[in-house]
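Just so it is clear, A, B, C, D and E label the chains in written order, and each chain counts residues from 1 on its own.
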Amino acid sequence: MTLSESAAAPADEVVLEAVGLTKHFPVRKRLRDLFSRTPAVVHAVDDVSFALHRGRVTALVGESGSGKSTVARLLAQIYPRTAGDIRLHGTSTRVRGGRPFRSYVRRVQLILQDPFASLNPVHTVRYHLTRSLRIHRNAGRSAEDLDKALANLLTRVSLAPPERYLDAFPHELSGGQRQRVAIARALGADPEVLLADEPVSMLDVSIRLGVLNLLQDLKERLNLAILYITHDIASARYFADETIVMYAGRMVEGGDSETVTQNPAHPYTRLLTESAPDPERITGDGAGAGIDEAAGKDRGQGEPPSLISPPAGCRFHPRCPHAMRRCTADVPPRLTVGDRPGHWTACWLYDPATVAADAPGSAAPDADPAVPPPPALVEREDTATLGEAR
Amino acid sequence: MRFLLQRVAFYLFTAWAAITLNFFIPRMVPGDPVQSLISRNQGRISADAIESLRVLFGLDKNQNVWEQYVDYWNQLLHGDLGLSFTFFPAPVSTVIGDSLPWTVGLVGITTIISFFLGTALGVGAGWRRGSWVDGLLPATTFLSSIPYFWLGLVAIALFAGPGSFFPSSGGYEPGLVPAFDQYFIPSAIQHSILPAATILVSSMSGWILSMRNMMVTVSSEDYITVAHAKGLSERRVALSYAARNALLPNVSGFALSLGFIVGGTLLVEIVFSYPGLGYQLFQAVGAKDYPLMQGIFLIITISVLVANLLADVAYLLLDPRTRKS
Amino acid sequence: MAQPSAAPGRAKRRRFRFVANAKAATGLVILAFYCLFAVIGPWVAPYSPDARSGDVLQPPSTTHWFGTTHLGQDIFSQILVGARSVMVVGLIAGVLATILSILIGVTAGYIGGAADEGLSALSNVFLVIPALPLIIIVTSIVERASDTLVALIIGFTSWAWGARVLRAQTLSLRRRDYVEAARATGERTWRIILFEILPNLTAIIASGFVGTVIFAVMSEITLAFIGISSISSWNWGTILFWAQGQQALAQGAWWWFVPAGLAIALLGTALALINFGIDEFVSPRLRSAGKNRIPTADGRTVRMRVGFTPVLAPSRPVPAPREEVAP
Amino acid sequence: MRDPVLEIRGLRVDYGLGDAAVHAVRDVDLTLHRGEVLGLAGESGSGKSTLAYGLTRLLPPPGVISGGEVVYHPVDGPPVDVLSLSPARLRAFRWADTSIVFQGAMNSLNPVHRISTQLLDVIKAHEPRSAAAARLARARDLLRLVGISADRLESYPHQLSGGMRQRVMIAMALALEPQVVIMDEPTTALDVVMQRQILGQLAELRQRLGFAVLFITHDLSLLVEFSDRIAIMYGGRIVEEAPAADLYRRALHPYTDGLLHSFPALRGARRELTGIPGSPPDLRAMPTGCAFHPRCPRAFTPCDTDVPPLGRPADAPGRDVACWLHPVAEPVPR
Amino acid sequence: ACGDSPNANKKNGQAATVLNVGMPNGPQAENNNPFLTTSAAASLGYRWQIFEPLMMWNPVKPAEPFKPWLATKAEWAPDYASVKVTIRDNATWSDGQKLTAEDVAFTYNLVKKYPALNDQGVPYTDATASGNEVTIKMASPQFVNQQKVLWRVPIVPKHIWEKISDPTTDPVKQPVGSGPYTLKSFTPATTTLTVRDKGYWQDLPKVKELRFTSYTDNSAQTTALANGESEWSFVFIPNYQAVFVAKDQAHHKVWAPPVLGIHGLYLNTTKKPFDDPTLRRAMNMVIDREDIFTTAEAGYFHPLVKSVTGLPSPAGDSFIAPEFKGQEHKVDVEGAKALLTGAGYKLDGNTLKDKTGKAVTLKLTDPAGWSDYQTSLEIVKDNLSKIGIAATIDKANQDAWFRNVEQGNFDATFRWTEGGATPYDIYRTVMDGRQLKPIGTASPAGNFGRFNNQQATEALKAYANATDEAARTAAMTTLQKVFVDQMPMIPVGADNIGGAYSTKNWTGWPDDSSPYGAMQPTQPNALDVVLHLKPASS
């Protein structure tokens, strides 16, 4: 058994790093595009940089289609990247297939989004796990070794007793169980990095919790670096050490999870957190009033922007209530937000010079005086109350 | 639009490949047209005629295959299909022109009837599973497993003896001159009933089955349940929702079968001695009549390709999802 | 133990489920009979199929069950002996075409790119060329076409349709998560094709196989019937050829061509039934279980249908609305 | 406000017949009051959708309704037993009185017909004598109602985004101003921003039109926020039913309690998430007694033998629960 | 407008004015070129109703003198390398112009100029007209080909054909000939000819309209004959008594006279042990020709060859050498056995062993689709087993068979011989040493069995080139002797030149009592037959 129970390497070491990662998908040309010089592409991911640390969970949140899965696949090197770099332990890697690819995936494993689709319906759990062990030569020499390794894997993902699950077909397992098998398969390679693409989106709240607890546990016991991709910002708050928010292919905010969720800086993150359903919001009369109140801001424009010709400047500006002229022209850089170390956002509102020159909301589509002023300009009296959360 | 252009390019390539193949395959056949002519006549053409026939057919020129191939394309692009050997010196285009209407008339119309009738029955069978239409399925399966030609033979034996209304062979009464008049048309129709019925019986069950299965599949789609939930009348749900959607995959099958009209029913024409293209092709193969074979293959290739293109277009028209420019 | 096998109990249950399908079972039984005759036909045939006798053109009788030919040959024996050639050609051609269609269709679908374009174009060309005339021509190219050769020719010319269907299906499977997952696990391409994709194509492959067998049998018989193929052995097409050549119809010798035709039709039906069986086995939606009409508790019969869920309970009179107690 | 519009009594729904039958819904009693939002939650496979489809008789084969009754109370006129309606009357009843918004908007619209066709044919089917122009005007109004411009009427479903399609379905559900709208996970496919928009519009419309909603979802946070009352299903039965706020503050049934401790909240202090141990029951081999007892941390003697009835417990008036921990003081009157 | 339809008078055409001729040749393309074998005119035979030859020859009685037709007289030079014909002066073309010796000379020069039109392969060198006489010269003696020169060349009008730019590809849409009929209409299925109103050089025929219908195959043609739709045809009818004659006992007739062209079993004389004439003779003795005749050839199609010389009767009667007169084939199994044992063969149970002790086996080959040949082979196989020869039947691919037979790659095969005015063509096909090629090289014109006999070759040469009757008789006797002794090919049946016909509307057909001409509608004699027809009195 070669799976390292506790890695000797120090925690917090950067394992995998994305630097300026970019992915453009070519789209089918139309006749009239034949004569234009610029090829039509989907800007699925643009200039994404972040690092995964040993023993830490990094959450990637954002709306549908913002490029989260694409980032995961790029990191797993299933898709070739358009630009940027992927560094494993500081060395740049680009693998296409064959032996280098296999030695890469041994260290970086991807768990796909849908537990109902990611297991082959014709194979048993035993087959899936055996394959993973064999490919990465973790199966040992004898049949006995293999059995031991299988049992070990299943116990690790809390599928006990192993004999009950080994010969089951995927359709005989519940969603949570399938998800665990998928995780066990990834663990079979004894990786350093787990890329978990929405591992819980299809599951029921109680099963969802089980899977998340499992990931947390693995992180702690095996010192894995985990990328946790989700829609559910509340779960990011609970399970991730760090949270990154993406919008339309770009990173718009990042930082410590508690800070990002409780004290969002970017207008999009704010929209996201405000839209998330929150039982605490009920006023008591149960008339569903909370819904109406939060719905006002983005009406009629809830559509994400086209990624083939994304808006210039900040991609959120067409929907942003605080948009300024500069937002429509220049891509905002990462700006540090003062409240916590490591909290940054890509929004011109946090550039005092810009705000001074340009009134916030001056370029907003339907400037609404009732909208609260941008967070950078109000004194943050609520910061203190959130502090003790961690 | 781009989709169409792409298809057209693809078709052009396929056409080129198929035509090239059509050129080479007949040339691989051993024996030559002169020998075939002699063997068909078993001694009634003397061996002395061999030389004159070779000269006649132009087989005495020793062209290499490449030159022949270039010549062939050259002729083709000028719309010239060459001269048939069997009917020398009748141009291939005349021979095809004489027989094509028969095939298209008989098989084409039958294919269309078979498609519509089969589809209608399939809609019924699929919508009301367990009803009498559904009960027909085993019988139609059996009928469709019978070889065409055998069904034709049995039909002739049962219905076409001397004195019967149904003639056993030919496309019209001998002695009539093809013309659109009150003598010829009824005769042509009368001659086509038995072969048409044979094709109909054996081809219809395919449509019934595929339509039924599609209906069953579509019936469990959410939008059908929604249509029921909306309280629409049964007819409307069955036709406008279920059948309309179930029809889509069948349309391309139908278009493809239109393409195979020309080449697909050789046997019916042989059994019923129907003066169509399939029969001509059979004769041409026997007579090593390359120009005629190539000509007929060309027609078949073109019609299959055109039918494919039609299927694409029909799909484009029927399914708005593919219309997304 | 590269591929762990399923537990025996489960495998049994699955196999049993297929045979339990009445259509498939009927088809299989008929097919088994044909296979049996293909093997033992020549030994159990009462006469030699070539043997001439004095009973020329006799209708069916107790001595000649299916009657005799113009040479006094026993048609029943010819049918029995002919079964072998038909079955051999059908099976070989079916296997060959299936293998080719898998090789070409699945590879094209999975690998994509230029290889896909090339292979698709190839199969399209084969689709465009009408199969039967092509087979006729190719068969006449070779001098002495044995059963195997005819089967090979049919197999080589009839894979295109299957390849096209398989390619389309592979294209959709290729994007399935479990294939991507296998790739991300580090599986090699050939293993992904063989062990991840192929098992999910079983139903299509099986029905494609059945379809090709039907087509091959029909083609073989057609070739013999029109006198193109030079098969020396007996098959049902040869019988029909002689019947046609001697104008059995005009002579009123119906027994000469009816048995062969029925034998073909029955074989076709058996294969079609198996095909249905496979379809229904794989797609539960097509299971047209006989329980379409179901009896209710109070003796009515209701029909299962989409949009109107049957109610089995006896209908009761509608009671008055219940009084709501204010909390 | 508290008068019932739809009453479900002892409803039983099976998949299949005889011994092979799966009892997906067992003896469910549920009352929907005029104008309220009744939330329905529960584990996957607990029978929520089956209940919703069953009461409108839209379950595809092999689903059958094997018992119980569904009574609809029109605004005027005598109550109707939905389960004994003839097909023709059932068709008339559907949509005019009860409409449904299905889970996937993607599949609920016929891909080959325009939005207008699909909107208009429901009006035409129920009001055959209305003028074509009037129908068209109504269709435009409906679209505007859900925030889609009327010129989208001539679009095909695939030309609309997921959110727009979902809104078209809602518009269609409201076309005949029914008394009851059933929604089965109408927003799971959407992201939270879109989800909030749609539900906001729905809440507004409900206040205007006064229909009652049966709202099915997994998302407890959403449910608590959006509905008036919540019913929790487990293993084919309703195990608890209470006003939303009450349920959120204090769950009586251990399963509900487990659910409430399974989802993280975005706001407020971080809570301990305990989850529910074990796995959902197999419908073919249901545990005896209370279906939840194998997983219940507080199971005791009667739980594994007797099925607890749903009723008003003595310790919590105004709500219903089926649990031996809270013995029923007063069974629900039948 | 309907009245204008060419179909309008179809139904009321009186029976006594129309003759319906049928051929089973499939749909035709419009082509009336009389020189092209592939034309509809040749395929259906109506070329001879429009165009006429110089003389009529009766293939049923090949030795009888030619009957004057467009020529009143033909004089051959003693070496038969040239012929002087006298053209009748009362013949006119259907466009009214007079038929002259110029036209005849033009026709022969045309054939000489275009080898593609010379379907008889006669080596013409020149034809010159002077007055009403034409002298046609050939490169070699043509004694055995007289009918090819005088009977098979349709005479065409110079004034029309000299304007045709390429007579080998011209479909001659409006044929102008000297015959009694002109083309009325053409469709792929039916060609209608109508009788000329004037200008024919003899009495106009009683048949006012000829309809040539092309049925798509044998069974369609047979059906048409059986129900009276077709009144004259040449087609193989299995069980013709039941299928055709019985349908109208009084009127339906089949007359199938043999010609000097036969079918038989060629043996490969280079293969052991079949290089032994004794074995071949023994095989000949067991073959049951009656059986083949009745079973495979429906009792009429290939008339029995009884004479040991292989010559059919009556066509060959006058050529049979005195020593073979009356000698007929008989099945004689015992005789064959005796012959074999006498020659050192052994009959070991059911197996014949040759002199070296090897079992005699034989592969019989013929194309799969030729059902009469295949049936014949079945019978031969049966017959040979009586003397212990184990034969197998190989149903070959037609093209491969053709090639293999020409290249000598076979054991034994059923095939035809050439036919002609004398037995020369038969014997030449079987025994001509000049055609002898090594195995593997094709010999398309004959001697497929690689028969090598100097005597026969010399006799063939002598017969063709002889200038006097005595030399010819001597050569013919030699040929027959070699044939009977060596039996390089086992003769079975003859070609027939007859047809199936109905006397319901027309009488005057040739038959055994009055064999005035060949009966096939495609032969030049067809015109003679039509001229003989009279309405059946009713």
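As a convention for this text, contacts are C-beta pairs under 8 Å (C-beta built on N, C-alpha and C of every residue); 3 or more make two chains touch, one makes a residue touch a chain.
Because the structure is predicted, anything quoted here is derived from the model rather than measured.
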Graph separation of chain C and chain D (steps between touching chains): 1
Label of the chain whose CA centroid is most distant from the centroid of chain D: E
Leading chain pair when contacts are tallied as C-beta pairs: B-E
Euclidean distance of C-alpha centroids - chain D vs chain E, Å: 92
Whole-Å gap separating chain B and chain C, where each centre is the average of the chain's CA atoms: 23
Centre distance in Å when chain B and chain D are each reduced to the mean of their C-alpha atoms: 55
Inter-chain centre distance, chain C versus chain E - centres from mean C-alpha coordinates, in Å: 50
Per-residue overlap in chain D, given as positions that touch at least 2 other chains: 53, 58, 60, 87, 90
For chain B, residues contacting two or more additional chains: 29-30, 220, 225, 227-229, 270
Residues of chain A engaged with two or more neighbouring chains: none
For the chain C and chain D complex, residues of the former touching the latter: 291, 294, 304-313, 315-316, 318-327
Complex contact set, residues of chain B against chain C: 10, 13-15, 17-18, 21-22, 25-26, 28-30, 128-130, 134, 141-142, 144-147, 149-151, 153-154, 156-157, 213, 216-217, 219-220, 224-225, 227-229, 237, 260, 262-264, 266-267, 270, 281-282, 285, 293, 297, 300-301, 304-305
Contact footprint of chain C on chain D as seen in their complex: 2-4, 7, 12, 17, 31, 53-54, 57-69, 71, 73, 78-81, 83-84, 87, 90, 317-318, 333-334
Residues of chain C touching chain E in the complex: 50, 52, 56, 70-71, 140, 142-145, 226-232, 241-242, 244-247, 249-251
Footprint of chain E on chain B - complex, ascending: 29-31, 35-37, 39, 42-53, 55-56, 83-90, 94-95, 98-99, 162-163, 168-172, 174-179, 181-184, 270, 273-275, 279-280, 283, 288
